[in-house]
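This is the structure I have questions about; it appears just below.
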Amino acid sequence: MTTVRLLTDEQASPQAREVFDDIRKTRNTDYVNNSWRAMANHPAMLRRNWEKAKQIMGPGTLDPVTKELIYLTVSIMNDCEYCIHTHTHFARQKGMTEQQYAEMLDIIGLATEGNRMMTAMQVPVDERYQVR
Amino acid sequence: MTTVRLLTDEQASPQAREVFDDIRKTRNTDYVNNSWRAMANHPAMLRRNWEKAKQIMGPGTLDPVTKELIYLTVSIMNDCEYCIHTHTHFARQKGMTEQQYAEMLDIIGLATEGNRMMTAMQVPVDERYQVR
Amino acid sequence: MTTVRLLTDEQASPQAREVFDDIRKTRNTDYVNNSWRAMANHPAMLRRNWEKAKQIMGPGTLDPVTKELIYLTVSIMNDCEYCIHTHTHFARQKGMTEQQYAEMLDIIGLATEGNRMMTAMQVPVDERYQVR
Amino acid sequence: MTTVRLLTDEQASPQAREVFDDIRKTRNTDYVNNSWRAMANHPAMLRRNWEKAKQIMGPGTLDPVTKELIYLTVSIMNDCEYCIHTHTHFARQKGMTEQQYAEMLDIIGLATEGNRMMTAMQVPVDERYQVR
Amino acid sequence: MTTVRLLTDEQASPQAREVFDDIRKTRNTDYVNNSWRAMANHPAMLRRNWEKAKQIMGPGTLDPVTKELIYLTVSIMNDCEYCIHTHTHFARQKGMTEQQYAEMLDIIGLATEGNRMMTAMQVPVDERYQVR
Amino acid sequence: MTTVRLLTDEQASPQAREVFDDIRKTRNTDYVNNSWRAMANHPAMLRRNWEKAKQIMGPGTLDPVTKELIYLTVSIMNDCEYCIHTHTHFARQKGMTEQQYAEMLDIIGLATEGNRMMTAMQVPVDERYQVR
């Protein structure tokens, strides 16, 4: 159950449908997933988020799998069920291997434990690791 | 100010000094940073965390920069000042470019906003993104 | 599934039932929702939380909708499914418009992204924004 | 200490300086604060965040103080020192009274405690608070 | 730097001073620490939090050190610098040994890593661990 | 739905089955719960986490119930549904009383509210609570 309706193409406003069409074209698929159908209740939010996602997750100096690994890591840290499922799917779709997935999980476990230890003991940054 | 003392080589127990020596050898440096000197108050914790870090951050199918980007992303999400400074340093040391850094920041911003929107509206996972 | 039973009026202790009665009277409804029925396992906790909620969410210098927007914002940041659903409901009941809801979501997205960027780059507070 | 340099007007790229100029004009001040000087290292990020902030924090159906209260609440939940200081300042500048500030703090305390209790006991959402 | 002034006894209102006096008497000390001096700006908040702290941290079925370990664990997870320092101090004052401190840190590390792994892989609760 | 398969004994690798056998023997039960069956997809992760859990949650200077209370507190703060259910079960199995459970919940509520107040007002640590 959502706090807003997931809008079908018929229920969406013309501005929202325009974004749906760009999603379909950019991703080369007929399917528009629930995240966009929820945001369609607020067309300006839908457009801004889609434009941002299209640009940031598009070609850059980081390869597509690395980008998805970072997105997935954030989603795990924020405990976002929707985002964990969709971006685990996207990462695999773009070529993430199970070994890479295991390494990402290992690093998340290592880092989150290390973070809490440093915070618990309030360890100060070594002078040499400070950027001037 | 820490909640424990940062142990010098002289103050550390023989078991802790052994780990310090392995850190120096593995990283090919004389410098042992504060995180290990804090953990040295609890030698078993020091050894377990160092062995784990050495293995997980060592060679794998993800390249060293990608590993650091994931570690840094977790540290930013956990708001760990110590870890943000050291791992931004390590990432650059291993070759992270400023453009890659900017792309990582962009993805963190995109994902953390998207996470909160999905959580706020309690959007259900599309059937097709569920793993069976 | 909860970790404790949701107590019916019959199962609740006299002290808990007294709080149930005050909830019914204060809210002018027969319905006592699950949060209170869970807390009823610990009557002192139930009473303290209800008295606090009644006072803090009651009349003040912030209007009822603004109070609910702040409550909802915290619940989204803490990823509390129960609280997101109930307080989205309460906010609408007290008059929150869909436009206000969209603006709140926009601010949450803006702020949470901005927060992470400042944390990632460890930006120091400008002298002029420090309170003396 | 930041992980990037805070760029002066002279160090910033022409694209970044253009945003600085718009910040000065929009806010009717000569002062460009550290958050923008840090983002100026990545001009596209700077522009996107400024345009978004200008639009979202500008006139809407929520009044300026309410908008700042929501922004501040998110910043407190994310524990962002920079954002807490700047947005407490902005909220007061826009008219937040000390009584409103105290009420916001009270609601944050009430909600964050309530959130954790519901999460701890895994209380299910009452059917009547579910949106269909 | 705080966002409010830390009130001295002279600056505090009579209601706030009354709470200061009870803190002194209950703790058998002349010293009133900064947390209460900050809350003194909002006397009702000060009283409510002090009464609650006095009751909850007072005698119960959990011993004083265990209570402080739980308080400290929450503070570490919330990354509250003030609370980490004060409650590490209080825990030691009430008898926490360095070995107990190390065990608490170990459990926090173990649990926070385990939590993230379960969340990352979205593991469902075994039927037998569900309370009916 | 998980993002990986929960491996049965037949599907697990010999290394993973060896860990399953040690879990059965250590806990004196036939049942291997879902967390280990999920980690079995990555046998090295499975072994490392099991060895760590066996050591840290085993005999020490903190009693078994206190250890579970700390584990549970972390899980509640991280909002890990799987871990909340299993460790509430384990805590009760090891002897946690309902009164102790209520006291733990009270301390979590008290601490998480106090943490946010200190963070919101950016209260500095009193000199006397700083460890040198």
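First chain written, first letter: the chains are A, B, C, D, E and F, and each begins at residue 1.
The criterion applied here is as follows: a residue touches a chain if its C-beta (ideal position, glycine included) is under 8 Å from a C-beta of that chain, and two chains touch if they have at least 3 such contacts.
All values derive from a computational prediction rather than experimental measurement.
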Contacts common to subunit B and subunit F (chain labels): A, C, D, E
Chain whose average C-alpha position is farthest from subunit A's own: E
Pair joined by more contacting C-beta pairs (A-B or A-D): A-B
Whole-Å separation of chain centres (CA-atom averages), subunit A against subunit E: 34
Computed distance of Cα centres, subunit C from subunit A, in Å: 27
For subunit F, residues that touch 2 or more chains besides their own: 1-4, 45, 49, 52, 77-81, 84-85, 88, 105-106, 108-110, 112-113, 116-117, 119-122, 125, 130-131
Residue ranges of subunit B in contact with subunit D within the complex: 79, 84-85, 88, 98, 102, 105-106, 109
Interfacial residue positions of subunit D with respect to subunit C in the complex: 1-4, 6, 31, 33-35, 38-39, 45, 49, 52-53, 56-57, 60-62, 66-67, 69-71, 73-75, 77-78, 80-83, 85-86, 88-89, 97, 99-100, 103-104, 106-108, 110-126, 128-131
In the complex with subunit B, residue positions of subunit F that touch it: 1-5, 48, 52, 125, 130-132
Subunit E-facing residues of subunit B, complex: 1, 3, 41-42, 44-45, 49, 78-80
Residue ranges of subunit E in contact with subunit A within the complex: 76-77, 79, 81, 84-85, 105, 108-110, 112-113, 116-117, 119-122
